[in-house]
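For clarity, chains are labelled A, B, C, D and E in written order, and residue numbers in each chain start from 1.
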Amino acid sequence: MTGMLDMDIIDISTLTHVVPPLATTLAALPALPIAGINWHSVLFLLFAGLACGFAIAVVAADNVVRMALYLVFSLGATAGLFFLAGAEFIGAMQLMIYVGGTLVLLVFGVMLTAQAPLVSIKPSSSDRTLTAVAGASLLSLLLTAAFSVDAWRGPGVGVVPAPSATPLGMALVGVRVDEPPAGTPVGGRVGYMLPFEIVSVHLLVVLVGAAYLARAKRRRTPRPIDALASAMPVETVATAAPVATMAPTGRSAGGAKSALVGGGR
Amino acid sequence: MMGLVLATASVASLAPCLATIPLFAVNPFTEPVGVVHYLIVGAVLFTAGIACMTLKRNALGILMGIELVLNGANINFVAFASPYLRAEGAPTLGLDGQVVALFVILLAAAEAAVALAITLNFYNNHATVDVDRADDLKG
Amino acid sequence: MKGPGFLESIEAAFPGAVVGSQLEALDPWIEIAPARIAEVCQWLKSRGEPRFDSLQCVTAVDWLETDPKKAAKVSWQPHLEMVYHLWSTSARATLVLKVKLPRWSGDVAGHLPEIPSVAGVWRTADWHEREVYDLSGVSFSGHPDLRRILCPEDWVGYPLRKDYEMPTEYHGIRCR
Amino acid sequence: MPDLIEDDPRIIEFDVRTDEMLVNMGPQHPSTHGVLRLVLRTDGEIVSETEPHIGYLHRCAEKIGENLSPRQWIPYTDRLDYLAAMNMNLGWALTVEKLMRHEVGEKARHLRVLISELNRISSHLVGMGAYGLDLGTFSPFLYAFREREKILDLFEEACGARLTYSYITVGGATADLPPGWLQRCEAFLDQFEPIIKEYHALLTTNAIFVKRTAGIGVLSRAMAIDYGCSGPVLRGSGVDQDMRRDGESLYTGMYDGYAFEVAVQKEGRYPRDHSYPTVPSEAVLGDCWHRFFVRMLEVVQSMDLVRQAIDRYAACPEPLSEPLKLFEKLPVGDAYLETEAPKGQMGFYIVGNGTPIPWRVRARSSSFSNLSVTHELCRGCLIADVPAIVGSLDIVMGEIDR
Amino acid sequence: MAEFLIGLGLPGWVAWSIAALVAAVLLLNVIAGGALVFIWAERKIAARIQDRLGPTRTGGRFGWLQSLADGIKLLAKEDLMPEGADGLLFRLAPYVSFCASFCAFIALPFAFDVVGQRLNVGVFFVVAVLGLEVFGVILAGYASASKWSLFGAMREAAQVVSYEVPLGMCVVVPVMLAGTMDLVTIGEKQAGWMSSWYLFHDPFTFIIFWVYVTCAVASVNRAPFDLAEAESELVAGFHTEYSGLRWSFFFMAEYGSMFLVSGLAAVLFLGGWNGPVPVARLLGFSDGTGESAAYVVRLVGLANLMGKATLGVLFMMWIRWTLPRLRIDQVMTTCLKYCTPIAAVMFAGAMFWQLFLPGGLFPGWGRPAGEIREGWLEGPGGLPAAASPAEDRSSTVTGGDPVERAGLATRSPR
């Protein structure tokens, strides 16, 4: 997140006068011999390294929760890259939605891996080798493509673009206010009203669908999973804990299994 | 753990190393980065995502792979959209790139919700999240 | 509950169940035959007049004189005595039931004397009988969950018996 | 298997397959009032089964009692319900007096009412404050302790101790009250009376408090009697029973001439409820809120009794009756007596055999029976309700584990 | 500051680096120093509420060194990690929480233009980053290998994710009124008399402020919503197994977020750094009056905002020591059945108010109309002075107001 402190857009000039003695002290320091560092680029390297490193860590890790954590870091670093590219709104969006979505992944990872065998499902070594080979070839292909255009290779102009939130918002409601790129025909730029509406409806459908799938309901017919659950004696749970048995007081002898999971009634 | 550190370190050092070869003609410490730098990151993320999808047997792992792939693509969109990364006056995608990235993020959230629902149903029926066991349709 | 009429109504309902009684004592008591205690209690709770709908206390008294000199003087044989204090919330009356049990079933040390559980009559008896089992060593047949309650589950012996010897150590912890 | 909880609206089943988890609440847990251990079988936040494990404070006090004379055992009764040691002393002293057919004098009788009712106030203050703590509010606890400290100061003046008093003893009390004590006690009551409104504002009528307690842990009348519950737990379920009125004559005789009304809801009304907050509409008779409210009413009731006792005690011309000798021969026979302690009916049983040392001593504590309903009350509740329910029973482990 | 350093002859990148460092250290001090003060204040306030004295001895009078002593104790404490814990995640979790709390401060303005980094999506950024704090909590709960911790973590996850919805809705209202997400501009738009604060903008904003307060308290996990660490239920919730320094990081994160949401409330609803009475304007001071006047104005603004945020924190302390804790289902009910619909209705109401009564019930009264231009244009990105050392600045400045141009464009036939 320190990307926001990058040199091009920092503005804390007022602080100088809040802490003048400190500034004077610092100013007295001798100039360092390095010619000049573009902090923007350094931060880019930092975030790029984090994003790539954690992406690879996601592949390398076996534990679901750790994978989710690395994914969060990778996505967070990507948000930093977006900020550096001047897409502040996209960056904040990435933080809010993507990372928030991964949070849910994380929670599910924790919940679904309550049983020890599911914590890490390890792929076979042949799979690993195959993936490494395929991944390497894919990467080389992509990199070749990336380097193939000369215009992409040169250094950037190094100037922060105008804030994009307002034009973006206007574009989403169908009005283009941003500067058209060179060579764009005047009549050819349209807003994004229709896609915006489609996405809105889409999200609504997904929301309803998710609520439908996750709604609470009573079951009347047993599922295969319940048969499995009743086949797995509850005693395994009980003996794992320091309690010998739970008292089946007031319940039938077979009542060790709680009514809460009994789907078969 | 050590492997992780090494991987991170090697990737972090990848960019400056690449910068020294004449292909780039950019010193990342002193000059502004260009589109190609973002494309490299996008490529790495994309590849990692694909690898994740193929390698993992855990349904959640596959889901994470998909997220990575979408992110890799998003980085490209943003990079092409950013005037910062291009030479003076060079054409960019402009706002369109950002809007597409925005839609990708939104749809990814929707996709995650649906995929999670599928995973959950799968878990309900199979008591596992190992997708290799999803062979009910096998003849 | 005072008055001989009550005693007779029990005798009428359960012939032979009342073994003895002492109506002049501070708390007048009726002695019930061990095997009949549960049914008598069930009757007392649901049919008797007044209804003894509440159980106040279950106690076991160990009648054993460990000192041989004094033991020669006592008038009773060693035995265990169960004492049930009943309470009627409607009539606000008490009733004491006593049951005589052998100290060991069949006089074999270690074999707990058995008595029907009244936990099915009053839920109060559940924990109280567990406590009696734990501390005095009485086995309640038909109890839903007869486990030690105050002492650890692997404790040896019944502390409220008069001949109880405190162990010297418990899991490496010095007790004496 | 009978589906006892089929209709509980909180028992819902999700499409997600869930596993049960056994959780140990206690013996080291902030809200189990000492060393109670509850083993919860939970499905997420929902508790399907609760199993109390007790005995962590067991010291076999009854066995100790078989080796001491009744007066020597008095300090051990202090440790039963250590929050209401005076009431424990009183119960044991009365039981022994019953066995010995001994009656204390008029002045000692009023002193005992005065002291035991004062201790009831302090015990209920702790119960109230700790209940607030269980529900996550800390301040009422300290407000309650502030007032309790003043009662303890009074006790300290009377007997020198602040927690384990051993004050009331067989045959009377160890000492008479110091001069000026009655005035200080009255001053305390005058000062304390308006403060009760604060407690009602912070807890009884607080919206969140009502939400957390009303309708939670409903103990039906029949179940309360069946489980042998007593005290505020029983009266909170609407059973009109108070040993001070309904008990044995030896005990009720102590309250002869005292005017008090049992704090129980009759025909939907509590006594004197005109001056107190009305029962919230969500509250069901027998739930946590009612148990709590009964305790609050009993504080006021005890204040009344203390005031009456002060007057009578001061009006008594005769000196305080002397306690019995330390080793007094006990007659052959047995005696059982239940008194109304703050937590419920405290029963003592003593068997004498002609020597000064009792043959058998038995303490039947109210918390023991009250606690045994937890597994019924906590079935199908949420984890957060477990402290709310256990706290509303107001248990003290000292008298459960004995 | 950087210009100042450049003026002293330092190379540009060094000047910028130093400026950035100073800013970072200052922000860190706000959190760490704030936590120290607030922990002490919480102790004293709790004590006063509870009829106690609180710390009285450490550091002489009032126990003002108490938190420092606490800190030293925490440093000296043994650092425990339970057996079976996931070591990496266990160690990482407190720092994740702390970093999230810290990062959100970057975009929070403390006075006009006194901000770590002025972002034109400031509000959005703060809310997004604040939501990341929950990651640390979940990781702590999962990695502790304790069931109580797991319970706490799951509660926190459910709670924070849910409360982000109404919180977001509440935050959108001032954004809508100001027409920008830039916090600096939002604050500046409320300059003037107290009546121009968004709290008093219309009845809807007044209500939604209280919804915001509820959601903010819930999202930073303070009583009565402190379910994740409910000590009477979950022992200590997600930090059950933590001790020493790591535990104190959770603590600092909590106090940091408390201050943050209070600061955000101050900027969004309570006029930000503008006092109830526009003293400076009445006296004729403004940024244009001269440099020293501007600094005085900013210092006063800083004190204003700090005071308002501190009041917010004190308010949270007050309710914490007064109210019992809600149950998890009640917390969810509060969020989904009350806060969200109320926020939605208030949002619509504020929208219509803005549409039909843009000048308020009494137009032209107490509201500085037309003083502030479109916020995003004034952002640092568009401000030539703050731009990069790259020579060509003019290329970044877009000509005219794009919205206006768009309006013209839509009017003109294509």
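Rule of thumb we're sticking to: contacts are C-beta pairs under 8 Å (C-beta built on N, C-alpha and C of every residue); 3 or more make two chains touch, one makes a residue touch a chain.
The structure displayed is predicted, hence computed values, not measured ones.
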If you average the CA coordinates per chain, which chain's centre is most distant from that of chain A?
C
Taking each chain's C-alpha mean as its centre, the one farthest from chain B:
C
Can you name the chain whose C-alpha mean lies closest to the mean of all the C-alpha atoms?
E
Among the chains in this structure, which pair is joined by the largest number of C-beta pairs in contact?
A-B
Geometric centre distance via CA averages, chain B-chain A, whole Å
10
Rounded to the nearest whole Å, what is the centre-to-centre distance of chain C and chain D, using the mean of the C-alpha atoms as each centre?
26
So, what's the distance in Å between the C-alpha centres of chain D and chain A?
55
Counting in whole Å, what is the centre-to-centre distance of chain A and chain E, each centre being its mean C-alpha position?
23
Can you pull out the residues of chain A that are in contact with at least two other chains?
36-38, 40, 86, 89, 93, 104, 111, 157-161, 167, 176, 178-179, 213-214, 225, 247, 249-250
Each of the following residues of chain E touches two or more other chains, namely 88, 154, 392, 395
Residue list for chain D, restricted to those that touch at least two other chains
15-17, 21
Which of the residues in chain B end up touching chain A in this complex?
3-4, 7-9, 11-16, 23-26, 28-52, 54-58, 60-61, 63-65, 67-68, 71, 74-75, 78-79, 81-95, 98-99, 101-103, 105-110, 112-114, 116-117, 119-121, 123-130
The chain E residues in contact with chain A across the complex are 1-5, 8-14, 16-20, 22-24, 26, 86, 88-89, 92, 99, 103, 106-107, 111, 113-121, 124-125, 127-129, 131-132, 134-135, 138-139, 142, 150, 153-154, 157, 161, 164, 180-181, 291, 294-295, 298-299, 374, 376, 379-383, 386-390, 392-393, 395-398, 402-403, 405-406, 410, 414
Applying the document's contact rule, which stretches of chain D touch chain C when the two form their complex?
54-55, 58, 60, 62-63, 98-99, 101, 223, 225-228, 239, 241, 246, 248, 333-336, 338, 345, 347, 349, 351, 359-360, 362, 364, 368-369, 372, 401-402
Help me check something: in the complex, which residues belonging to chain C touch chain D?
25-27, 53-57, 59, 61-62, 83, 85, 89, 92, 94, 96, 122-124, 126-128, 131, 135, 148-152, 159-160, 164
The answer for chain A against chain E in the complex is residues 1-2, 4-19, 22-23, 26-27, 29, 31-32, 36-40, 63, 65-66, 69, 72, 76, 86, 88-89, 91-93, 95-96, 99-100, 103-104, 106-107, 110-111, 157-163, 165-167, 170, 175-179, 186-187
